[in-house]
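The two complexes that follow have subunit A in common; it is paired with subunit B in the first and with subunit C in the second.
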Partner chain A sequence: MLITKSQYTLWDIVHIEGKIDTKTSSFLQEFIDNEVEFSRPLALDMSLVTFLSSAGLRALLLLSRRSHSAGSQLALIGTNQNIVDTMEVTGFLEYFTLYSEIEDLSH
Partner chain B sequence: MAQRIDQYPTEVIGGFSVRQGSPMPFGVSHVPNGLNFSVYTSAGTSCTLVLFDSGQEFPFVEIKIPDYYRIGNVYCITVFNLDVEGLEYGFRVDGPFVPERGDRFDVTRVLLDPYARVISGRNQWGKLPNWEQIYPYRARVSLDDFDWGTTRPLEIPPEDLIIYEAHVRGLTQSESSGVKYNGTYAGIVEKIPYLKSLGINALELMPVSEFDELENSRINPDTGERIYNYWGYSTVGFFAPKAAYAASGNSNMQVDEFKRMVKCLHEAGIEVILDVVFNHTAEGNEHGPTLAFKGLDNKVYYMLTPEGYYFNFSGTGNTLNCNNPVVRALVLDCLRYWAAEYKIDGFRFDLASILGRDPWGFPLSNPPLLEALAFDPILSSCKLIAEAWDAGGLYQVGSFPAFGRWSEWNGKYRDCIRRFLKGDQDQVGELAQRIQGSPDLYQTSGRSPSTSINFVTCHDGFTLADMVAYNYKHNDANGEAGHDGCDNNFSWNCGAEGPTDNPEILALRSRQIMNAFAILLTSRGTPMILMGDEFGRTQLGNNNAYCIDSPLTWVDWDLLTSHQHLYKYVSALIKFRHQHPCLRTNSFDDKGISVPALPSCSFHGNEPWNPDWSIGSRQLAWMFCRDHEQSQPTVDIVYVIANSAHYATQFALPRLPCNLQWAVAFNTGIQDQPYNNPPVPLASSDVLAGERSVIILQAVPSVSG
Partner chain C sequence: MNRIDFTFSDLISGYVDHYHESLRVLNVSTSDGRPYEIQLTPNTYAKCTHNLDEPWADRGAQLADLLTPGQLVFVYGTYFPEDEIQFEANYIIFAGDDVDQLRCNEPGWWRRQIDCIAAAYLKWQFNFPQDHIDYGNYRTLISLTGGKAYEDYTQETDTISRMVYGMASAYMLTGKDEYLDAAEKGTEYLREHMRFVDQDTGLIYWYHGIRTGRDGRQQKLLVSEFSDDYDCIPAYEQIYALAGPVQTYRLTGDSSILADVDKTIALFNQHYLDQDNGGYYSHINAISLSPHDKTLGRNQARKNWNSVGDHAPAYLINLWLATVEPGYLQMLENTFDWIVKYFPDDQGSPFVQEKFFDDWGKDQSWGWQQNRAVVGHNLKIAWNLMRFCSIVPKSEYSELACKIAKVMPSVGYDAQRFGWYDVVERVLEPGQSFHRFAWHDRKAWWQQEQGILAYLVLYGHHPDDKMFKKYAWESAAFYNAFFLDHNDGGVYFNTLANGIPFLVGTERFKGSHSMSAYHSTELCFLATVYHELLIAKRPIELFFKPLPDGFRNRLLRVSPDMLPHGHVKIQECTIDGSQYYDFDPDDLAVQLPVSDHRLVVRVVLTPTIE
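Take a look at the complex of A and B:
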């Protein structure tokens, strides 16, 4: 898994490439702990995520809860349809705001 | 959080850090930094924990559990630093293979944990597995951290329930269902708006615990089609939802998908009842596979003859030894788990009479398992519904040991309504019992009308459309030369066997279907409807389609369009039942109403207060009354005329006080308009009941009064 960070207007963007599962979600966790302050809205660029496991979904949900309790926002960008389907049938989808492009984020 | 001593291992076995585990709870559980495994075997001589990486043919480690980790008959071990998500685990148990003494240990097999909450290996329906695998069904670890928000079980009073019996795959597998996730738990969620519009408030799902749809699978030589175990009454794992019923099964997320389904149904006001099969397992008899119980403790889990063969009270090869204390605890743990972790509202027990047999097969007068379930604190608000018979000849409708808690599928209700509808003689007396909740069966033992689950059709037997289109079963597709299935269906084809173009026969069939629904939904007790009957689903006369996975058994949703009139009629009847508390009175001692003075339940003929109880009578009217404080008028009075004779009869109606008058809500004799909304007041004091028809009237405020 490859993780990088950029900015778009007010948003912190974390770009993720590869699979998010038990093994990699701890890297994601660590990266966010070190690089992200929840004072700004956070978007995860999911367009290069190929697989999101059950543990990966839980890592994202925990992130969303953290961001929510800090009074901030969390958005997912460009999530592929298979992942969106899994999120839908398992009930995770209702906790996230999804956008197709980074440019769709509010200014 | 403060550190604990037991977060650290005490030794290394097979390269893995371990320590003595805890025997409770059974199965796998999360402990800090590790997983605790616990399994029971009374006659095994050693136990090895076998760990696989997801989907790998061979294990990455086998950890022989040291004998000094054993407590009593329980082997338990904590293993640290495992990848919980990718892990599959099983057990090898060594011990004697002496079938005549009941022991069938086989150390070459890896055994499934009887408490497995997630099972993978067969995540895709019907996909042929590698039959040679040492470990076909694989236990995984469940996280059980679903966010239920503020939803909880609904606790709808049993008399207010209208149950809809459905098969997870059958409900939405057809393309005509229009759902995105065909044949799955998620597909059911997509059908919630439909279920709400129909008006039912409980969904009873045929078995959802992991089963093998390929058990006894073969190709039918006549049709070339594969025969399945489609219904699923043959459990592999009692605690695990069937993976192949989950759209997310390939990601092993069936637990989350199932819970989301329950949450969505609860949000829509619909309870979830599970059909559970604790009478036998998928391991069959001595020729069947060794998956779990056989290899763990054969003589504890199964009822065996003195020679070590399997008793077969279930008709399927083996019989679970439910009143052995160990097995009893497993059943109780399992139901508690479904009730607590999945927030299930009720359970229907397949062939429940088996649960009341002792280990030698004799019926117990005070079966400890049934008593334990009835008084369990976690299950205290769950509905407990018995199929009160078994395949060994024990028939307990009316006498099932209920402990004040159990209700029953009322097979006598089904048979009586069917016989009355087809015009059999000598049915009117019994009909009078059935429509008031079968007091002949339940009153003297202090039970209530909602003890009786009333139904005319269920998964087992004809659909309602077939009940009025076939005199005989047509089970050739099942590949058993027509020997399977019930011969006593009390069905009548209305003049031609099977499909016909004759408009008179078709009109009569349509009316008979409406008559059945009219009686079912105006009977006291808890009504149950079979999926698709509300728009005429057919199985072409197959009355035992347990093995057919095809459009024959899938709901054809195009019928909803072509039979829209029937659907609208049924949903109007369901709403009528919800609106009329007198139909749902849940006491045999109800006093009725004082102004006007009318009993809770009374019977009538073509003259009021004068029913014809003779053998040749095929007509009965009944009146239900109850105070109804929240509405105008303040009394609720419903009058039902059921005429199963082949001629029309004028029925004079009981007199009402001048502030009330009769209004017709339903009349199946009027083909174009079988229901009126709002009900149409009657100008006269009598009404013509057409041949083979049902009229439902209610008291409404009189126009002049």
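Take a look at the complex of A and C:
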């Protein structure tokens, strides 16, 4: 898994490439712990994520909680349909805001 | 060093030695036999303990008749430190109208109490019966008078499950459909909203809860919100998530409950179990599901009473009662074997050790617990060992239960006023005679439950033991005298040592992270079972409502608890109101008929041993 960070207007963007599974979820969390301050809204660019396991879902939930506690926003960008389906089946979808493109993020 | 040269009020609880009517002087001996002389005044008033569905029971005009030797009384009054310390009574509460006939030992006392408590929670949570039962309206926080928040609130999995347990238990004792409705809807709500089905492994675990903000936005909470367990998935939350559904399963045989439970037990055995040293870890990391993850901090690779011992009372005994599956029995045996092996600490303290490192070394520096004892955990170990001992009669189980019960009155009990303390230092410092209180000398409702059940269950098993009887009666008398909220319903969270309700902060609430129609109803349920069947030797009625495709082989098991073999049998069974005879009276099992609708099964259980 490859993780990088950029900015778009007010947003911090974390770009993820590869699978978010049991092995890589901890890596994602560690990256966010070290690189994200939650003082700005956060978007995860999921457009190159090919697989999201249950461990990945749990990591997203924890991220959502931290963002919520900080009074910040969290968005998912470009999530592929398989992952959206997984999130829907597991009841997660309603707890996240999804956008198609980074440009769709509010200014 | 310090002189008591001021007036103060307090409670004296004990047994009447003598009453001099013309002088209005009462002599009372406390639980441990210390005598007091009490002056009654013209304003001293009195009542008898009354149940939640009963009005004030004035006894002010009957003092001379009631203050007979041996009568159990609670006398609240004022000390005057004069030439001799005087004690003047403000009021008296009688535990019963006759010596040795406590009101709480009357037939149906605990059944009526669970009925009142369950009805109160239905009213508070759902405005039932005016409105339908809808768990969308459930709130974890309920005020003293039953009020709740309409925005910015949390629904915790455990508290819903605990309430569901109470509702299912209330149905089993009363047969009132609204309680079964509440149990089933709560179970369904948990399944729909609080259940996480791991797509990778098929395991199930349960969210901490759901938070709804002022803006109406909901957030699922995967990990605990509490400081003891922050950012972890604590074992006890997963354990108590099963309490309500399993008690409901006993009534209905709903196979979807069993499937969820089995997948949660698989979670325990795959991620919480210490495969090498035994025991269940207390916390796992939310992402890796590992108990060894360094992010767990002070909860990394730890075991405690809750993670090892709470499986049994919360769900596992009830699950075995409904299924008689050997696998559940083995898991129970493992947990009790670990308790008798690792928890006693005879050289270190009269209290058990209840927090451990990976290798079962003593953890005596964790958070608030340090080297402190939760009195109720000791008592809870005692009564649960005795329950299990009925099925797997290992001598070490009953020996530890009896040992705990013999020592607790001298270290965790209030011999002056009755009732059980909360958290105390496990070790006396030089010069000390009393174990110091960690924070206060208040008495929590759930700790009283442990004391009552410990001695009731032990007395049921040992009917000749006067000590077990004494503390069963005293503990139950104290609880029923002081914990019932006759104004607003339910029971109080805490009282002061003297029995006066403590109504400050979260201890003011009827619903909170720790209180939700669980301990109070568990007490009513098990006190009914043990007192009626094993002690008073009276029959009880139980109700079930199995689904047509529910229990395997259509076999409904109706044993209310793990009771001594051969002490209880089915005397009578009705299905949908008609007499039914296809049951095994000694095995406590009913062979249900083929049916296309739910059956209302009523059984009468009766003691077989006089």
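Convention: the second predicted complex is superposed on the first by the 107 of 107 C-alpha atoms of A that agree within 3 Å, B and C clash if a C-alpha of one lies under 4 Å from a C-alpha of the other, contacts with A are read in each partner's own complex, and residues count from 1 in each chain.
Basically, a residue touches a chain if its C-beta (ideal position, glycine included) is under 8 Å from a C-beta of that chain, and two chains touch if they have at least 3 such contacts.
Here the structure is a predicted model, which means the values were calculated and not measured.
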item: Which superposed partner A:S26 touches (first subunit B, second subunit C, both, neither); value: second
item: Subunit B versus subunit C as contact partner of A:A75, first or second or both or neither; value: neither
item: Between subunit B and subunit C, more extensive residue contact with subunit A; value: C
item: Contacts of A:E88 with subunit B and subunit C, given as first, second, both or neither; value: first
item: First, second, both or neither for A:L62, with subunit B first and subunit C second; value: second
item: Residues on subunit A lying within both footprints (that of subunit B and that of subunit C); value: 21-22, 53-55, 57-58, 61, 86, 89-92, 95
item: Touching residues (chain side subunit A, partner subunit B) in the complex; value: 21-23, 53-55, 57-58, 61, 85-86, 88-92, 95
item: Touching residues on subunit A, where the partner in the complex is subunit C; value: 21-22, 25-26, 29, 53-55, 57-59, 61-62, 64-65, 68, 86, 89-92, 94-95
item: Subunit B to subunit A touching residues, read off their complex; value: 83-86, 143, 145-147, 180-181, 184-186, 189, 246-248, 251-253, 256-257, 259-260, 263
item: Subunit A-facing residues of subunit C, complex; value: 193, 196-201, 218-223, 231, 286-289
